[in-house]
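Lettered A, B, C and D in written order, each chain numbered from 1.
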Amino acid sequence: MKIDWTRNETLVALVILGFCAAAAMSDPGFLSLATLTDLLRGGIVLGIFAVAALIVLISGGIDVSFTAVAAFTMYVTAMILNAALPWLPWWAALAFGMAVGAALGAFNGVLIAFFGLPTLIVTLGTMSIFRGTMLTFIGQKQITTLPPGMRDFGRMMLLRGENSDGSFYSLHGAFAVTVLVVVLTWAILHRTMLGRQIFAIGGSEESARRIGINVSRVQFFVYIYVGALAGLAGIIHASMARVANPFDLVGLELSVIAAVVLGGARLAGGHGTLTGTILGVALIVLVRNSLIVLGIPSTWQSVTIGCLILLGTGLPAWQAKRAAARAA
Amino acid sequence: QDSKKIATVVKIAGIQWFNRMEEGVKQYATDTGNDAFQVGPAQADPQQQAALIEDMIAQGVNALAVVPMSPEALEPVLKRAMDAGITVITHEAASQQNTNYDIEAFVNEDFGANLMEQMATCMGGEGEYAVFVGSLTSQTHNQWVDGAIAYQKEKYPKMTLVGDKNETFDDQQKAYEKAQEVLRAFPNVKGLQGSASTDVAGIGLAVEEKGLGDKTCVFGTSLPSIAGQYLDTGAVDGIGFWDPSVAGYAMNKLATMVMNGEAVTDGMDLGLEGYNKVKLDGKVIYGQAWVNVNKANMADYPF
Amino acid sequence: MNEVPMLTRFTASTEGRLALIALAVFLVMALLSPDKFLSVQNLTSMAFQFPEFAILALAMTITMLTGGIDLSVVGIANMTAIVAALILTKLTGSGDGWAVLALALSVSVAVGVVAGLFNGILIATLGLPPILATLGSGLIFTGIAIAMTGGSAVMGFPPATAWIGNSTVLGIPTPLIVFALLALGISLLLTRTGFGIKLRMFGANPLAARYAAIDIDAMLLRVYMLSGALAAISGMVVMSRANSAKADYGSSYLLLAVLIAVLGGVNPYGGYGRVIGVVLAVLSMQFLSSGMNMLQVSNFARELIWGTLLILVMIMNTWRAKPRKA
Amino acid sequence: MPDALVTLDGVTKTYSGITALDGVSLSIAAGEAVCLAGENGSGKSTLIKILAGVEQPDRGRIAFAGVTQGPLNPRLSAAAGIKVIFQDFSLFPNLSVAENIAFSAEIGAGARLYRKARIRDLATRTLARIGVDIPLDVAVETLSVAHKQLVAICRALATEARLIIMDEPTTALTEREVRVLLGIIRRLKADGVAVLFVSHKLAEVLEVCEHVVVLRNGEKVAEGPATDFDAASLTRHMTGRDVAASPPAPLPANAPVLMQVENLHKDGACTDISFTLHAGEVLGISGLLGSGRTALAKALFGLVAPDRGSITLNGKPVPTGNPLAAAEAGIGYVPEDRLTEGLFLTQSILQNIAIGRLDAHGSTAGILDLPALMSEARDWLKRLSVKTTTPDAPVRSLSGGNQQRVVLARWMARSPRVLILNGPSVGVDVGSKSEIHGIIAGLAAQGLGVIVISDDLPEVLATCHRVLVMKSGRITEDFDARAVTETELAHRLAS
């Protein structure tokens, strides 16, 4: 296979490799199964969020409310299940969360698809609305006793093993959910006309309308799907953290979007790949979880993350600019 | 005497810690008939807290009981409050200038040393340990940790601190990730000390998942409602805290005393647990109000 | 007979409707607690409160007009404030320190400009998407602020420092005057200078701007430098009002600045936006926020109301204009 | 007419005060090719958008096969067999050529799954039908305007259609491709498909259409069999006057050299280009699709950095690869794709013109004299007869031809010394076209050097003193325009 040096994916992969090399050099123990499982676990929730953000970006929109949807969903779900449906098994709890998330997504969808409001503004507003509603009317206290379904899910492992020093490494069951989400989304985007229509409206909404694509319906689907994914991520987050804290998650949205754009999706819409998204998430997770190994003092950690974001986006951007100058 | 309007302004609204404080404030209002209430900004930002205090001044409260997010940032606005004749009491801000009295549950360095003492005992007086702070900009967190480190250097020379102060941004998930990494980067680490109330919960989860509950000693500031499940399983060995509701009550009580012109003296009794014989040092009042909680006695503290 | 068309014309513009909203919020708050809300005390207090984030909203506005965004403003504000604070504490001699203050102010604005230049280079020269460039650089600036101080606050300024944030001139709060001058200046810049027109045109169609031989790179550099300078000024106001500087001050202002700009009718994709709209949005926010604090409404409810307001305004805007969305 | 395929009856459409269509009635029978003629802004595109269901008429009745329709939308129209090639193509820049071609077909067929093989197959067949070769997997945004237009045509041809509407489908095409398209239209007619054809190239209109409808200011002013019209009468109906084409005034023999281009080279685009341009000269550059004309123009204007070579203007070297320096030196460039490269669509008409004058315009302490600037821009609107009621409206609301004039006005307002026009009359009606040609002649008379890039041969002959022909990035011929006839020129281009 020929390597395309101008693609974001390639450059981000390079940055990842370089980073791993540096980490391995500074601590040979870095290259271990335990590191891998820790990193994979770190990518579970972020990965689902990123897939959600990717779809919206492809459709030509931007969504900053998905973290609020996730927080709302996990909190309300934990509360309802505790109060009324404690017997629900884990998979039903996940489904319940997806339904709540989808309902919130539908709210975004109505405003965007049927009122025709700009996506950034709508989601900026609904972010405040979802969070404000939850904290004003539903509750602020974190829930440490999760419903049994979520508790079971929180302890579910795909893989478990013992390190040489007697400690355990394990891969959380939720990782399978993330993989499933990626595969399902790939199938939607690349194997259904619905997916192609998402790309089409991202490319040109007016053209899409003119050839008879029901733009509102496609957008509506996008925001419901994204809501469902966000809800799912929320439940997974709470289950894995064993606590539903209504103050969690919100604030993460820009980093997630950064990861997706890092992976080559364009803010203007119509472009983006799942491979790139996964690489972008991988880079962010890797950086966030390897600064101690690299021995970077706490005071310089945010500078390091900032530099890596700039490097990760700067290289492809600069490449693209040079390529454009060459072709023009 | 007529009822006074006392606003308790906390760092941030809604979190467990200050919800508990609000119980004390409300209790005080019921006990005394004063109009005592609690407010707090929606975001953890010193500027939001300052704005909130401005609004309280404009509204004409008689006294302010403030738990500053960042004491320095509030100096000007608290000065304005005092200039307007409002009584100001602060908490967790021993360095505050513009205040009538600052009331501390304890000396921060001592509290940190107390946690260290427990951790050192648990570790057998030797081995590697790591420390966590909610943020590098938090004065109290840094004082606890610095007090702990100083105590260790003096009393337990065989223990070594590994890594830097780990910053968790008051986020349990971040604390979890940092703990995971610390456990990987320093496989021999035995002690972990947290500062933010969510720190030990995150650390506890990481420790539990790695099956290291018996091999590590995790201590830190937290509340039973946050760290309880990890105390149960032994992933967290002990927590220390002071009861925010008592602190809230104490601030309001002190405010009323100042307004009524009652004398505040060294060794006086505020009639509250932990504040029975307070130490007065300039404008700062110190109690001995810390509580150490472990699996055995956690049921006594249902908050 | 005559008022109706006047009113319709007024409400036909985004800014007109915003003015009505600001007025409505003011009236409602005044009615709900007339003695407190309308007190001189409260009105002055509000005028002290909003300039610091309103200036950030101005910075956000000019970058949004080009279709960009500046997520590093709070980072710049704190970094420059710490630089100024270090100057103020280290160089302070005898006297009340006016000379040192002037030095600190100029250095900090210069640092803000350099930070903005850094953003501009990333965006214009290297071609990074603004949202990522400034997200990254914002982390770097905040990080530098932490590294310079180890995270603790810098304080102990000469008395003159209080002038920017805590004093009044002819009874008008100084921060308000600073903001008013800046708003006026930016408004002139945007509507009456070639720079302002180019910047908006670039926001509308960057490719056409290139074909129209607009000096895009120089323009973007200047936009982000200006944004950096504004952030630095906001940092000075915060520093003065807090009488200290620290790496985490004003962390909630970033989202607030974005929200205000958007509520003020600025198109985040570039090409449209007016300073008057932003000013009206700032006022609505402040009235709402102070009013609700008087009524002791939970601060989370305020968030809910902001969100609702934003969406209602948008629905009104599109509903009236109604040409298919751009 | 018993069962016309499509009937419009008294259709009226206004846009915020502008009456774009005023009680237009029209019917199209199966297998018939109807031409819609009219000046810029006469309402042609509006009529098409209404038929396509993109816009709703204010009044009037639309019937398909005698059945009156309710409110239309793009899906209903498409289902009724109406396929449109829009003036702005309406393609998806991010999707592949194959997908663009097959998309409407798949949507129409109600497909749920994305079947790549089927889509490629359909695209291959359709491209083969018009005899062009475009790689199936490249994104449309990387294509030249001409290729985009071909893709748009293919998209309309890809499905079973009963009426194909073509809104200026040949603007970016070369003679050869136009031939092929006209051939296809003939075949479509033979298959019973109706065609509604809009073009400003009257010759091709009269060649394929049997019925002509002329619009002026949104009203139908003439209608009849094509045989009743010739180019002159059609022009008269459209404009209400006679338009005469006159060749350019001869260039004075002693005209000084204005611009000298030497060995300008860009790998893969243009090869060692050298030529001179005299003051007052109009130089035509013609060539087939992809011959490198646009690349050359961009290199001259600094949008492309050449690998080597030099440009001198009035004896002074012009830095290459920098549009600012080029504009500063007095070179202007009117790009070929006005929608993406030329206009700030959401901004006002006046600002679109004024943007060219910002730096030149006087200012006190950086503050512009806005009223003066705007009245200058207003002047240009008048001088180029841009048809608009409110100059403060967004330029988007103008018709295609009027938009082109706005771009022209912007550059003319800068009083350049060399003006490069890439397709100066693309999508411009005969009346305005001759006016634009008049403007070009006027510019030359003032001593400007004008470079006209065009493959509209009558245009080249009507405006240029000298013609360069490009082939695969090289200048292959250089001759006096007055020495050749149109057929000769066509021959030289093609050979």
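Note that in this section contacts are C-beta pairs under 8 Å (C-beta built on N, C-alpha and C of every residue); 3 or more make two chains touch, one makes a residue touch a chain.
Just so it is clear, the model here is predicted, and its values are computed rather than measured.
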Chain pair showing more contacts of the two, B-C and A-B: B-C
Label of the chain whose CA centroid is most distant from the centroid of subunit B: D
Subunit A-subunit B separation of Cα centroids, rounded to whole Å: 34
Computed distance of Cα centres, subunit D from subunit B, in Å: 72
For subunit A paired with subunit D, centre-to-centre distance based on mean C-alpha positions, whole Å: 44
Multi-chain contact sites of subunit B, meaning residues that touch two or more partners: 13-14, 42, 136
Subunit D residues counted as touching two or more neighbouring chains: 303
Interface hub residues of subunit C, defined as touching at least two other chains: 146, 150-151, 298, 300, 302-303
Chains grouped in pairs wherever the two touch, ordered by label: A-B, A-C, A-D, B-C, C-D
Of all residues in subunit A, those that touch subunit D in their complex: 190-197, 199-200, 202-204, 206-214, 269-271, 325, 328
Subunit A-touching residues of subunit D, taken from the complex the two chains share: 52, 54, 73-75, 77-78, 84, 86, 89-95, 99, 103-104, 106-108, 111-114, 155, 298, 303-305
Touch list for subunit A against partner subunit B, complex: 27, 29-30, 32, 34-35, 38, 42, 135, 140-142, 144-145, 165-170, 237, 241-243, 245-248, 288-293, 297-299, 301
Residues on subunit A engaged by subunit C in the complex (per definition of touch): 111, 115-118, 120-122, 124-129, 131-133, 135-136, 140, 205-206, 254-255, 257-258, 261-262, 267, 299-310, 313-314, 317-318, 320-321
List of subunit C residues in touch with subunit B within their complex: 36, 39, 41-42, 45-46, 48-49, 52-53, 146, 150-153, 155, 162, 165-166, 238, 241-244, 246-253, 289-290, 293-294, 296, 298-300, 302-303
